[in-house]
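Both complexes below contain subunit A, partnered by subunit B and then by subunit C.
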Partner chain A sequence: MTTPATDEPRDERVPVTVLTGFLGSGKTTLLNRILTEQHGLRIAVIENEFGEVGVDDALVLDAEEEIFEMNNGCICCTVRGDLIRILGALMRRRETFDHILIETTGLADPAPVAQTFFMDDEIAAQLRLDAIVTLVDAAHILQHLDEVKPEGVENEAVEQIAFADRIVLNKTDLADEATLAEVTGRIRAINSGVQIIHAQHAHIYLPQVLDVGAFDLERVLADDPSFLTETEHQHDTTVTSVGIDLPGELDEDRLNRWLGTLLRTKGVDIFRSKGILALAGAPKRYVFQGVHMLLDGEFGRDWRDGEERRNRLVFIGRDLDREALERGFAGCLATAGAAA
Partner chain B sequence: MSITAPDTDLTIGWDIAVDDAPVALSARHGLVAVAGADGTVWLLDAATGTRVDTFELPGGALRTALSPDARHAAATGPTGYALWRREDGRTTVHETGAWSSTAAWADNERVAIASGRRAHVLGPDGERLWATEPAASTVTDLAWLRQGRRLAVAAYGAVRCHERHTLKPVMTYPYIGSHLALAVAPTGRWICSGNQDASIHIWRTRDAGELTMSGYPEKVSRLAFDDTGCWLAADGAPDVTVWDFSGKGPAGTAPRSLRCHETVTALTWRPGNSGHLASGGQDGTVALWRATSGRPESRLSPVRTLDGDAAVAALAWAGPHLLIAAHRDGRVRAHRLPSRTAL
Partner chain C sequence: MPLGARPGPSPQLRELRQTVRRLLALDDDTAVVVRQLTCAEPGCPPLETIIAVLPMNGRARRWTLHTTTEQITEDDLRAALLAPPHEGA
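What follows is the complex of A and B.
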């Protein structure tokens, strides 16, 4: 007998939204809007050292980016020391906040910010990363995306789009239709499933970016039917999305071996990964997501009667080899031949 | 073994409420300082809990430290620091905009204050004596060595030791990683840092010989040597671990484990050579331990536990017979252990 899916206990942790985007993309405008609109939420803002949020009575704290590596030398274990410190102090205050917003500098790498929520137990126990929201200036983003960087230096605009759960395409009034179409195409080429919200003067419906649960495992992909959308024409970009949709059930050992090896060897290049998987013998869907090598997974709801067991996952990263990923993943099927 | 023996001799000396969430305590020379997250510091008489004075640090508080003679107090916070003088209640506020993680008194005349990436050494009324050059990141902890002549400064990537005559460190103890807490043995033999990467890194001061205790389930953010410098207590796990630093040090040894709390939020050694430790937990429990009993590797149970309604924010001993516990809900309690109390 199968037990009906029950509601998971409510996550009481305070949601944290990370706001990224280039200088001039409208982050401050959006922050001020969030702080002044009547939404009934008590929001604390951690702004970057150049931030200029100007709202009286709002709790605004300054952060200067301090990126810390660990002694193991793994790039994926870098965290933002300043955020650990500030968030820790924030959570010791008597009044609690309904929401925390972190504004990063225009040139910030979102990875250490996201990894902070995976790597620090004290933070993970009290706060949850809700979504990475990237503001994009419709009129200028192409120029940023096309900027040639020196060898070994990441194009921050590409990274910020690759990491995003939501993209606010701002200043659409300053770009013509053809430009908007091209910008959309370029964004989709990097991050095929991301939800794009068009805006002028950062005017958006706030529930589209606040408390959206993009890092909520049970909601991963669920509200995102487009995540496998193939882009029609690949631009000349090294950062892309690879979506895989495969019916059948997976052999857990093979999957662990494959995914473990993949993230160990290619984790530096894989920015984000998400998936809903059917493990052989498991009545529930297995849901996971990761940032670089860090992975968080758990069993979600039951597979419904008559629901086809299938696996959907997506990788966003640099120099992804679609064919190798598809082949490797297919090798994890329980029905696949003996693993090589 | 039962955890709590019925207790007639362990009493609550006083019990008050402050109007904020306490984050730090300091107890010296008959005075207790309680710092609240929003920046008020209450100065209380240790014997009675009576309020002596209060002062404010705008921007909130992280730590407070009384001078050994309790004639001065420092408070540090996310946007600056403040100094208070008992004589006339005068408070000097330094709103630097820089994160000030902690303060440490060398003696009655000098206090080191972490300010952003530097440490400043000030006189008791705030006059600047000297400062260090900037560290690689925001300074996380400070400790004095050599009778207050040498200052150890923890920040990302290293513990650096400074003296008055130069901006540059006179000694650098490097280790890649985020050093969250610093403990220096009163004997001066050892410098230890608790780390974000869930380890304790140890240097022998004399020759910078190194040792890493890794494998903690969580980051190590609280470290404390007892008065003898023979025992180091650390968090980083549901257990408090206690390492034996006597003789050649802890290399190749196993710690004692003190299991009581789900999450350790405070730990402090009882003054004197007693081997007694107090720890506090997220669940509000205060536990008292004979922390050096048993054999290495043994798991100890608390000798006493004291319940509280809210998480323990800080613990401090006001002498060997009075343990002050500050709880997140604003309760500050003094637990009295008469001298005949056998722990």
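What follows is the complex of A and C.
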């Protein structure tokens, strides 16, 4: 955890930014900007779209997207084999860069990329997923979102927005106010808590996307205390966010049973989950992040004297049943007793 | 550790990876992933361990051991890894 305001030890792991976005959204322009601006960082780039980036002194590695199933037929447990190999090799020359940036193809599914960081403890020990940044073309995203896909085929534009920690809403000069408002509404309906950065020609202030610690919930909440609770009820979208804010302490066994069943039966539809929990008997807050069925969690800072024990979590996914999620989670409270 | 989350790096996991490297005579460029996962298949034990070997050049391989990572012995690994492969990717 890297929260400069606290006594927590500094996180020395290398931050990794994942850059996604449809072809034409301005990804390459942003990447070139990141590589050429004077920010003092030595960035290693892993790119899946060949030959688009050419900067003399940057470490640029080509990779061919390789989806690797860790578990037979379970899409929740797919990782990117190419990344596991390349990140492992990069770690052996750790002293030559400060930051890693992974550029995905316009049609790439962000899940296996993110899951790679949740799967391998060696990678997680040395690298930390900093943020998933999705570039969106303000003038054309609506047609991509509305594109009807055949049964069983994902709409990649929806997925890339659902997985994002930061959306760079690019080319705002090419869309009118009404379109921008509609695009913003559609993005919020899918991923209510995501930070949206407006841009033209992918011109953004780079600290908005680099080393932002979006997977470090303690840090996110220190900057934005309402981060996990700003979800809206949306009934007209398939992919949406469900936020739960519940005071009280959780019974760990009940929580494990409920969450285990939920992820086993609905893991395919739950793209991302994140939360801060109050476990009964634990002096520290339990902080977790998940991608599909894979979870990463650890105890964060101590609960402060007089601080109300409450649980805040968000699920982003497809066909989420808000009522069932709220009911199931409430049943995990230590005080739920015989009702659980 | 609640929620069945990924356990942090442990001496035992490191040892398992080293044993995999030794048994299969892998070079340093080959990535080895050992991960305990919740099994979603009905009738299977709730936790299983996946071992994946990804050489820098060449085919990735994968084995599933239907037991927790903690319970795996060198004999288990030898029996699984040195048997003719059934799975791959």
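The rule is short, and it goes like this: the second predicted complex is superposed on the first by the 305 of 340 C-alpha atoms of A that agree within 3 Å, B and C clash if a C-alpha of one lies under 4 Å from a C-alpha of the other, contacts with A are read in each partner's own complex, and residues count from 1 in each chain.
Quick note on the criterion: a residue touches a chain if its C-beta (ideal position, glycine included) is under 8 Å from a C-beta of that chain, and two chains touch if they have at least 3 such contacts.
All values derive from a computational prediction rather than experimental measurement.
Enquirer: Consider subunit A as the common anchor and indicate whether subunit B and subunit C clash or fit when overlaid.
Expert: On the superposed model, which is not a single observed complex, subunit B and subunit C clash.
Enquirer: Give one of first, second, both or neither to describe whether A:Arg327 is in contact with subunit B, with subunit C, with both, or with none.
Expert: Neither subunit B nor subunit C is touched by A:Arg327.
Enquirer: Please work out whether A:Lys149 is in contact with subunit B alone, subunit C alone, both, or neither, and reply first, second, both or neither.
Expert: neither
Enquirer: After lining up the shared chain so the two structures overlap, which partner does A:Glu122 touch, if you call subunit B first and subunit C second: first, second, both or neither?
Expert: It touches subunit B and subunit C both.
Enquirer: In the superposed model, does subunit B or subunit C contact more residues of subunit A?
Expert: C
Enquirer: A:Arg304 in the overlay: touching subunit B, subunit C, both, or neither? Say first, second, both or neither.
Expert: Once the two structures are laid over each other on A, A:Arg304 reaches no partner at all.
Enquirer: Between subunit B (first) and subunit C (second), which, if any, makes contact with A:Asp62: first, second, both or neither?
Expert: First partner only, subunit B.
Enquirer: Using the superposition on chain A described above, determine whether A:Asn71 touches subunit B (first), subunit C (second), both, or neither.
Expert: The answer is both, since A:Asn71 touches subunit B and subunit C.
Enquirer: In the overlaid three-chain picture, which partner chain does A:Arg94 touch, first (subunit B) or second (subunit C), both, or neither?
Expert: In the superposed model, A:Arg94 contacts subunit B only, not subunit C.
Enquirer: Would you check which partner chain A:Gly81 touches, where first means subunit B only, second means subunit C only, and both and neither mean what they say?
Expert: After superposing on A, A:Gly81 lies in contact with both subunit B and subunit C.
Enquirer: So subunit A touches subunit B in one structure and subunit C in the other; where do those two contact lists coincide?
Expert: 66, 68-72, 77, 79, 81, 84-85, 89, 92, 120-122, 125
Enquirer: Under the stated contact criterion, what part of subunit B meets subunit A in this complex?
Expert: Residues 20-21, 23, 36-38, 60, 62, 78, 97, 99, 101, 137-138, 140, 156, 175-178, 195-197, 199, 212, 217-219, 263, 313, 328, 330.
Enquirer: If we count contacts the way the header does, which residues on subunit A are in touch with subunit C in the complex?
Expert: Those residues of subunit A that touch subunit C are 66, 68-72, 74, 76-77, 79, 81, 84-85, 88-89, 92, 118-122, 124-125, 252, 255-256, 259-260, 263-264, 267, 279, 286, 288, 293-298.
Enquirer: Which residues of subunit A touch subunit B in the complex?
Expert: Going through subunit A, the ones touching subunit B are 61-62, 66, 68-73, 77, 79, 81-82, 84-86, 89, 92-94, 120-122, 125.
Enquirer: Which of the residues in subunit C come into contact with subunit A in the complex?
Expert: Per the stated touch rule, the residues are 1-10, 13, 17, 28-29, 31, 33-35, 37-40, 46, 48, 50, 52, 54-56, 60, 62, 64, 87, 89.
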